[in-house]
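Pasting the structures in now, so scroll down.
Below are two complexes that have chain A in common, paired first with chain B and then with chain C.
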Partner chain A sequence: MIQAQSVGVVEPRRIRFTEPLRLRGGGVLPEYDLVFETYGELNAARSNAVLVCHALSGSHHVAGHYADQPDNLGWWDNLIGPGRPLDTRRFFVIGVNNLGGCHGSTGPSSINPATGKRWGADFPFVTVEDWVSAQARLADQLGIERFAAIVGGSLGGMQALGWTLQYPQRVANAVVIAAAPRLSAENIAFNEVARQAILTDPEFHGGNFYEHGVVPARGLKLARMLGHITYLSDDSLAEKFGRTLRHGKAVYSYEVEFEVESYLRYQGDKFAGFFDANTYLLTTKALDYFDPAFEHGGNLPAALARSSADFLVVSFSTDWRFPPARSREIVYALLHNQRNVSYAEIPSAAGHDSFLLDDPHYHAVLRNYFERVEI
Partner chain B sequence: MIQAQSVGVVEPRRIRFTEPLRLRGGGVLPEYDLVFETYGELNAARSNAVLVCHALSGSHHVAGHYADQPDNLGWWDNLIGPGRPLDTRRFFVIGVNNLGGCHGSTGPSSINPATGKRWGADFPFVTVEDWVSAQARLADQLGIERFAAIVGGSLGGMQALGWTLQYPQRVANAVVIAAAPRLSAENIAFNEVARQAILTDPEFHGGNFYEHGVVPARGLKLARMLGHITYLSDDSLAEKFGRTLRHGKAVYSYEVEFEVESYLRYQGDKFAGFFDANTYLLTTKALDYFDPAFEHGGNLPAALARSSADFLVVSFSTDWRFPPARSREIVYALLHNQRNVSYAEIPSAAGHDSFLLDDPHYHAVLRNYFERVEI
Partner chain C sequence: MGYRYDFEVITEWISPGEKVLDLACGDGSLLKHLNKVRQVCGYGVEKDPDKLVACIANGINVLQVDLERGLAGFEDGFFDHVLMSLSLQAIHNTQGILAEMLRVGREAVVSFPNFGYWRHRQSILNGRMPVSESLPHQWFNTPNVRFFTIADFDALCEQNGIAVRERLAFDEGKLVTEEPNFLASVAVYRLGRER
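What follows is the complex of A and B.
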């Protein structure tokens, strides 16, 4: 066995789609670009493709690094590569930036061909279903009729689940990690606070801040700080920061007192420096709207009856954003339909973000599953 | 037994204190007012007084209503009155607005005698210990040497606990509900997001918004929306709102889609309409700083050795802000010191806010405890 390693130097690619895409929310994208990366080689039978779907702040840069940015590793680099759990000696892995994103695919900061200006507030609402549709067109372009597997964590897991409903014949395996079949009221509530932070930032300018040469950095920062709390766990925050005081004692000011404050502010500022506010809003709405059971009166087993894929569902013990019970809803609904479904609940202190980490138990579950995926 | 009832019409009182109060954070209040209410009668032995301490957004208006505001019931009216669990036929109950507050006691919106202008950003940091000191001076004024009980939920519970450490001889019973011996990193993190929402609101003006004729309503609204999520539970939000859509289907806009959004916005707007932003900031900092174990190297049993009161500690099963495990830390530390401590974990779906509700099991626990309190 070789030493597991990264895929190394990668390059993003771009495809322009000129057939209009009619969106679930009523909008239409007359044309659009998708930016993506691939790792490994598509086999002659075109049967070894694995699509990786990204979550709120992710992108197409899933593994490896760019030649001129050796430290800019893909967000799931620890999972993907020769000898890694998703083994690129065997699989052809694709990462794609979703529509509405801010990493190269067409989104609110792209130029609206109808006006010659940035889309801004006029960019249409996009849903998980729209992303799946766009990803399917990308698959068409790449000559992939059926994926060996579609994989995602969090919102990415919702896309993997969505694929099995929209294109049941095009996905052999769905790997749904740290996800839920729909947001709870509490999930929506957190999203709404984040959105209000952005929408009420005076520098949001109704979504057309680009024209004013500003960004709603305060709102984005708050949204990210709040998000970060929900991605971690009480335990992991306690372990990382506890009540450690920056100055060893209280100094009674609104500057950083506790190290956890410093961490959150840093994360918030960093995020506000590169992420697009409209993308953030659109993506939280896509999360809110995703609900395959809605058209079945809330009956998830009925909704998942269309699915014919085999499933691996994974949850993490301290994930309170999408707790194990939410993953089990998916499992039960699949079992109700007599689908093949494996389920693992991984003990982890790291909360929702566990899906990004290389916990040995977690990675062993993924490795074993992918080894059994037929190509 | 009479029908349990409200205390009826009440009137706030005000006392001015002219002896300067030296604060733990280094500041000094040269003089200050405390506004308070009392219910029931102080007995001849002055042995039946019960102090009720309020939490973040509470006030001295704990029970009853004002003659001209019949619907403005005190925030713990369901607990206090003739025949109610904290029975005013037997006890003399006091509610007091804390220093730094915005309900009548001296706070950031009061006039700073040194400048003739509102204190604003110059109002000194106040801590739980400072509140306890001020409450003790109020007790002196009222001729109360020793309280039969001191009661509080959440931050109010921290004050009750603080009393037993600062004035161990002056409190016979401490009733500590839905509280923790100190905030966790996650608790601090949520407070910090709320503070940043206010501090970065352009209409905060460094805390001196009064002079600009504005209030940082956006920041306060966000802080309250976020707070509300943490006061409730995933279960209670699911039960109250679920995924109910205002228009029966998604309309794809940033207006209210889900009813939970409407609820949060309403609560946030209402709060921003009356609550003082500086009070909010100061109070979250008081929460962060409270940590009686700090001076004992984090050893809570050592910190609580000073306490000689009997305790009732109450927690609620779905309270994830201060989960039962946090209350049990207090219980264990007291037991370590061989103190008399009763503990009840109440099954409740309502999360942290359960302490404000009149759950029969919860109220029976309080009633039974208060009936055993000697006067």
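What follows is the complex of A and C.
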């Protein structure tokens, strides 16, 4: 057994798609680029491909690092590599930046060929279903008819679930982590506050801020600060920061006093420095709209009857954004349809973000599941 | 645990292709066996993290659920058989879980160690808690929390309107037909709802 390790140096690739993509929200993308990375080798039978779907702020850079950026590790590097739970000696792993994103795939900050200007507010609404359609076209280009597994956490888990409904015959296994079959009113409420922070920033300019040479950094920062709180847990915030005061005592000011304030401001500023505000808006709407049961009168078991994949569903005890009860809805709906499904409820203090960490039990569950995936 | 002779009895009671739920399924050995010889649509329930991982490695469907909280989420009458092999004595909510098993299953199958077995009685008479093949733990490290005999379980079934459809008793693997409450170390029951 080799020492588990990172995939090492990786390079993104880009494919241009010239067949128009009709979007669920009514828009059409006449042509678009998808940026992606791959790790491991596609086998001769093309049967060992695993697609990793990203969440709100993720990207195609899932594992490894770039030659000129040794510290820029992929967001799920701890999962993927030789000897790691998703073992690249056995699997061909693909990460792709979704449409509407801001990491290289066509999105609101890309040039609209019809106008020669950035899309901005004109970029059409995209949904989880649209992402799945675009990912399927990428799979076609790579010669992958059927994925050994499709994996995702949070919004990425929704894409994995979406795949099993949209292309049931193209997914052998779906690994749905820290996800939900649809957002709750509370989830949508958090997203709406985040959106309002961006939409009401004077520098948003109705989405066309690029032309003004500004970014709605304040709105984006607030959105991220709010979101960040919901990705953590009361316990993890208490453990990380408690009530620790920067000056050791109250100084009665609106500057940073409590360490948790410092942390949130830092995270917010960092995020606002690279993330596109329009992408944030589009992505939170995609989250809100996802509801495969809607067309079945809210009946999730009826909606999941289309699926034929085997499932692994994972939740985390302190995740209050997508609590275990939401994952159980998926599990019991699959059980109703007599699908193969396993469910792990991982004790973790880290809240929703637990899915990105390498808790030993969590990774043991994933490792053993991937080991039994047939290729 | 070595060879589990209650598995053979349970297997006899399962028809090919049944929907089966195995509670406290351990490493999934029973379901793996039933998948192989009965092609069941089987699901296990296991709370323990290491056993859960073992189930996944064994290729069976397993759900991490705490049985003490019942089987909320499982539909009424969904399963043909709900199984619990040698675990009933380790659950606090005995009556609750029996009711839940018969709610979600057409029939329930339970096996448990008989505390009334003569060797166990002899230990008590000698002043020590019993330790045997069917009760392998010491009093201070046993996972068991309910201590009952075949006669106790029969009385509970009668009291709760549970029909005993079949009962087989064993003395360390050999079938016992006479005086099971005295001569048997393990009992296996097939239970249903009384009309």
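We adopt the following convention: the second predicted complex is superposed on the first by the 375 of 375 C-alpha atoms of A that agree within 3 Å, B and C clash if a C-alpha of one lies under 4 Å from a C-alpha of the other, contacts with A are read in each partner's own complex, and residues count from 1 in each chain.
Keep in mind that, in the parts below, a contact is a pair of C-beta atoms (placed from the backbone, for glycine too) under 8 Å apart; a residue touches a chain by one contact, two chains touch by 3 or more.
For clarity, every value in this text was computed on a predicted model and none was experimentally measured.
Student: Applying the document's definition of touch, where does A:Gly25 land relative to chain B and chain C: first, second, both, or neither?
Tutor: So A:Gly25 only meets chain B here.
Student: Per the overlay, which chain contacts more chain A residues, chain B or chain C?
Tutor: Looking at chain B versus chain C, the one contacting more residues of chain A is B.
Student: Tell me the contact category for A:Ala185 with respect to chain B and chain C: first, second, both or neither.
Tutor: first
Student: Would you sort A:Phe258 into first (chain B), second (chain C), both or neither based on which partner it touches?
Tutor: first
Student: Now for A:Ile94: first (chain B), second (chain C), both, or neither, which partner does it touch?
Tutor: neither
Student: Figure out whether A:Glu371 sits in contact with chain B (first) or chain C (second), or with both, or with neither.
Tutor: second
Student: Taking the stated contact definition, name every residue in chain A that is touched by chain B in one complex and by chain C in the other, in rising order.
Tutor: none
Student: Where on chain C does chain A make contact in their complex?
Tutor: 19, 41, 43, 49, 52-53, 55-57, 59-65, 73-75, 78
Student: Inside the complex, what are the residues of chain A that reach chain C?
Tutor: Listed in rising order, the residues of chain A that touch chain C are 312, 328, 331-332, 335-336, 338, 340-345, 347, 361, 364-365, 368-369, 371-372.
Student: Residues of chain B touching chain A in their complex?
Tutor: Residues 25-27, 125, 182-186, 188-190, 192-193, 195-197, 199-200, 202, 218, 221-222, 225-226, 228-229, 232-234, 237-238, 240-243, 250, 252, 254, 257-258, 260-261, 264-265, 268, 281, 285, 288-289, 291, 294, 320 of chain B touch chain A in their complex.
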